[in-house]
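For reference, the structure discussed in these notes is given below.
Letters A, B and C name the chains as they come in the text, with residue numbers starting at 1 for each one.
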Amino acid sequence: MSIAANRIVAGEGVMAWHLAAPSAVLPGIAAVVAGLLLGLPRAWPRLRFAGSALGLGGLLWLLMRGAPALLDGAGDYARVSPAIGFWCLLLVLMLLMADALVQMTPGPLARGALLAAVLGALALILGSGALSQLSVLQEFASRKAAFADATLRHLGLAFGSLAVAAAFGFPLGIACHRRARLRGATLPALSLLQTIPSLAMFGLMIPLLGWVGDSVPGAQAIGIAGIGFAPAFLALVLYSLLPVVSNTVAGLAAAPPEALEAARGMGMTPRQRLIRVEFPLGLPVILTGLRIVLVQNIGLAVIAGLIGGGGYGTFVFQGLNQTATDLILLGALPTVALALASAIVMDILVDLAGPAQRKSA
Amino acid sequence: MSIGTILRPGLTLLLLALVLKPAWFAPVFAPLAPQGAPVIYERASLLSLSLSHLGLVAAATAAATLVSVTLAILVTRQAGAAFRPLSRTIANMGQTFPPVAVLALAVPALGFGAGPTLVALFLYGLLPIFENTVTALLTLPPATMEAARGIGLNRWQRLVRVELPLALPVMLTGIRLSAVIALGTATIGSTVAARTLGEVIIAGLLTNNTAYVLQGGLIVGLFAVLIYDALVQLEAYLARRTRG
Amino acid sequence: MIEIERITKTYGDVHAVDAVTMTAQTGTITVIVGTSGSGKTTLLRMINRLEEPTSGEVRIKGQSTLATEPHLLRRRIGYAIQGHGLFPHYTVARNIGAVPELLNWPKAKIRARVDELLNLFSMDPAEFRHRYPAELSGGQQQRVGVARALASRPDLMLMDEPFGALDPIIRARAQDDLRRIHKALGSTIMLVTHDMEEAIRLGDRVAVMDEGKLIQHGTPAEIIAQPANGFVADMVGDVERPLRLLSLIPLSDLVEDGAAPGDALPAEASLRDALAACLWTGRNAVPVEHDGAVVGRVTFDAIRARAQIHP
């Protein structure tokens, strides 16, 4: 493992064991090695889980001890950031943890609690200032207000477009479920829409909305313009429609035909069949559609940064322009964390939605 | 189908014209360009950008196909079964990573240029192909597999003559997903200085030249739609054949 | 009383059901039997208007089914189908209570009715009420499906191949259950099957359909003894016809004074059982008992004579 002392331009690698005094580094290295060893045997998932947690703790310890020691006397503009070895180890340990968790198959509530615990621990570590010497967090410190703003924008883009897509997509999905001809026309059209590369889609929205903003009176007053939030939002909504509609159709079609025949035979109206039978049975599939949309939109919202739509993408592309790695990380890391956390939360919801089906599986 | 037979050659011709004879479209895009700014992108030939873009996508998709099909075959053999849950976990987690983030994270490790783009495209392209190939190989009709064993094919013959041909349509779906994602991600690749069509869009965004944005967007969009459609047709053709 | 009058269903040029007229008395089981494509299921589905008839009408207690909105009509008619059609996301109790719920019965009344029906089908309410269909065996699922169809005390119950998905042993038990429950509740039942054996076992009246037409409608004995045409005879099965006929006749019909060797058979047993006993043990007659006392005998010759009456 190496840690690079980094200014904007370049840094030089420093091996983990040269970070600081041996007494400070050894416990961390020992914990990482022990964690990896514990993670190896497949038979005891609990042990593997503990091992991965221990390893992550070791990495954290190294960061906390190493950063101040390196910075000590390195000048005011010196920056410390973890290098490739750290990221690889982090990835491996997280995979170990995930794999151990898959083996242990915890219930939805246990997973929720675990996610909350991990997020809580993360917040605690970041809040405590133990890592504030790291360059990513120094970038953060100098952009606190902008970061909060970007977070709100990003969430607004991702969740707002999801809500709008759901508001249009559900009725459209129900209509498609009822009428095969509409389904045959709608689904291929939406999947073609999905195919258009995101940057092109965002780009195409600009002249379109610019024209709307210029020609429709009052449109500009409510924020519709060629550049900024509106085109990004609209592009995300368009991307979201396919998963919402196709999963609604698939979900509603998932009800067993005999159950639907019985529902008709016992005198349920079409509306009662939809609400009492088709919808509850299709809910897990419909929620899966929302999960796909949410994860996809959190990722795509990054591109909004290119057309002035705000969000974490602003940092990523600023960072790419200035070749400032830390700024890229400041944008990319929260995006990945947000995407992972939403995926886990949505998976839990999907599980909770289908208790009857789970038993039949 | 009838719509497709008219639209397909039409869109192909439009795309060819946009790429080869961009000057034809100057009057169309002119109102969108700012006063005095050039209407048609001239810093690089659109043809060479298209070729470089498609080359990146093709190289990444081909490499991803090779690697992930090999891995999928390995984990679906009896000896590799132990790695199946782990590989599924990796695939699931990997798909949560946004393509843009993968691209951005590849930069610190690899620097700027085509390199990180290629790596990001490759890494992200692995997952759909791997997932689909594993699913396809695990859901082959058991009766057919029994019959293949029954007529005395050895393992290698079963794989090459029965399993892979039957799995091909579903594998192709994965390759299609992968190629479409790669096409889109490659566009963003121009932000890390890879030579792709995204360059045109980004240049337009930076200089407020909507003409560029539209031009680039149309070309990339048409490429994506046509490639997607071509692969769908190919899959449908193969699926018809395997169903006999 | 259910009156079906010249009911017809055409799809394009095809007459799926062709001017069928028949009447079912209150409290009886009518079994409609035919091969697949005979129109038997379409006929059944026109009674609760899952299919709208092209012409003709159905009257239940003198009232035309066309006078009521289809979904309201269906809430008065029980409906059980092959593969049970239970709602996988509802518990057993909610499944059975589905129609009363649609009819806005009070909760306590629904609950009492659910328990009553579970008891009737020999399923302990405390044990089964909260289970999901996926946690039941095939036979239990089928019983819950029939219980659901009976829940609102319907005037009429329609059953479309209700036992089609069961294996032979469970199937025989389900048929016995149905006869027992029919005796207890006295409901009017119309049942569709492709299995003549089942039709003869269950039906008070059997209706044989072929190519959309009603070929013959009568008691099981009439169907066996005087098949209207070759098709009905084929359905009954020429080789087994005498045995089927004997299986419908109890020993009490042929009992005569006299003694016979060996174990006695109960008077409710069929002539088929007695024939089997004679052949198996090499006797020429078997004793018949009633309430534990021997009341006479049935001879091999008498059985043979009875089977020959219908050439």
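We adopt the following convention: a residue touches a chain if its C-beta (ideal position, glycine included) is under 8 Å from a C-beta of that chain, and two chains touch if they have at least 3 such contacts.
Predicted model, so just to flag it, every value in this text is computed and none were measured.
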| item | value |
| --- | --- |
| Chain pair, most C-beta pairs within the contact cut-off | A-B |
| Of all other chains, the one whose Cα centre sits farthest from chain B | C |
| Distance from chain C to chain A - Cα centre to Cα centre, in angstrom | 59 |
| Averaged-CA centre spacing for the pair chain B and chain A, given as whole angstrom | 22 |
| Complex contacts: residues of chain B adjacent to chain A | 32, 82, 85-86, 88-90, 93, 95-101, 104-105, 107-109, 112, 180, 183-188, 191-192, 198, 201-202, 204-205, 210, 213-214, 216-218, 220-221, 224-225, 228-229 |
| Touching residues on chain C, where the partner in the complex is chain A | 48, 50, 70-76, 79, 81-90, 98-99, 102, 132-135, 145, 148-149, 158 |
| Complex interface listing, chain A residues touching chain C | 256, 258-269, 272, 276-277, 280-281, 356-357, 359-360 |
| Contact footprint of chain B on chain A as seen in their complex | 42, 84, 87, 94-95, 98-99, 102-103, 191-192, 195-201, 203-204, 206-207, 210, 226, 295-296, 298-300, 302-303, 306-307, 313, 316-317, 319-320, 323, 325, 328-329, 331-332, 335-336, 339-340, 343 |
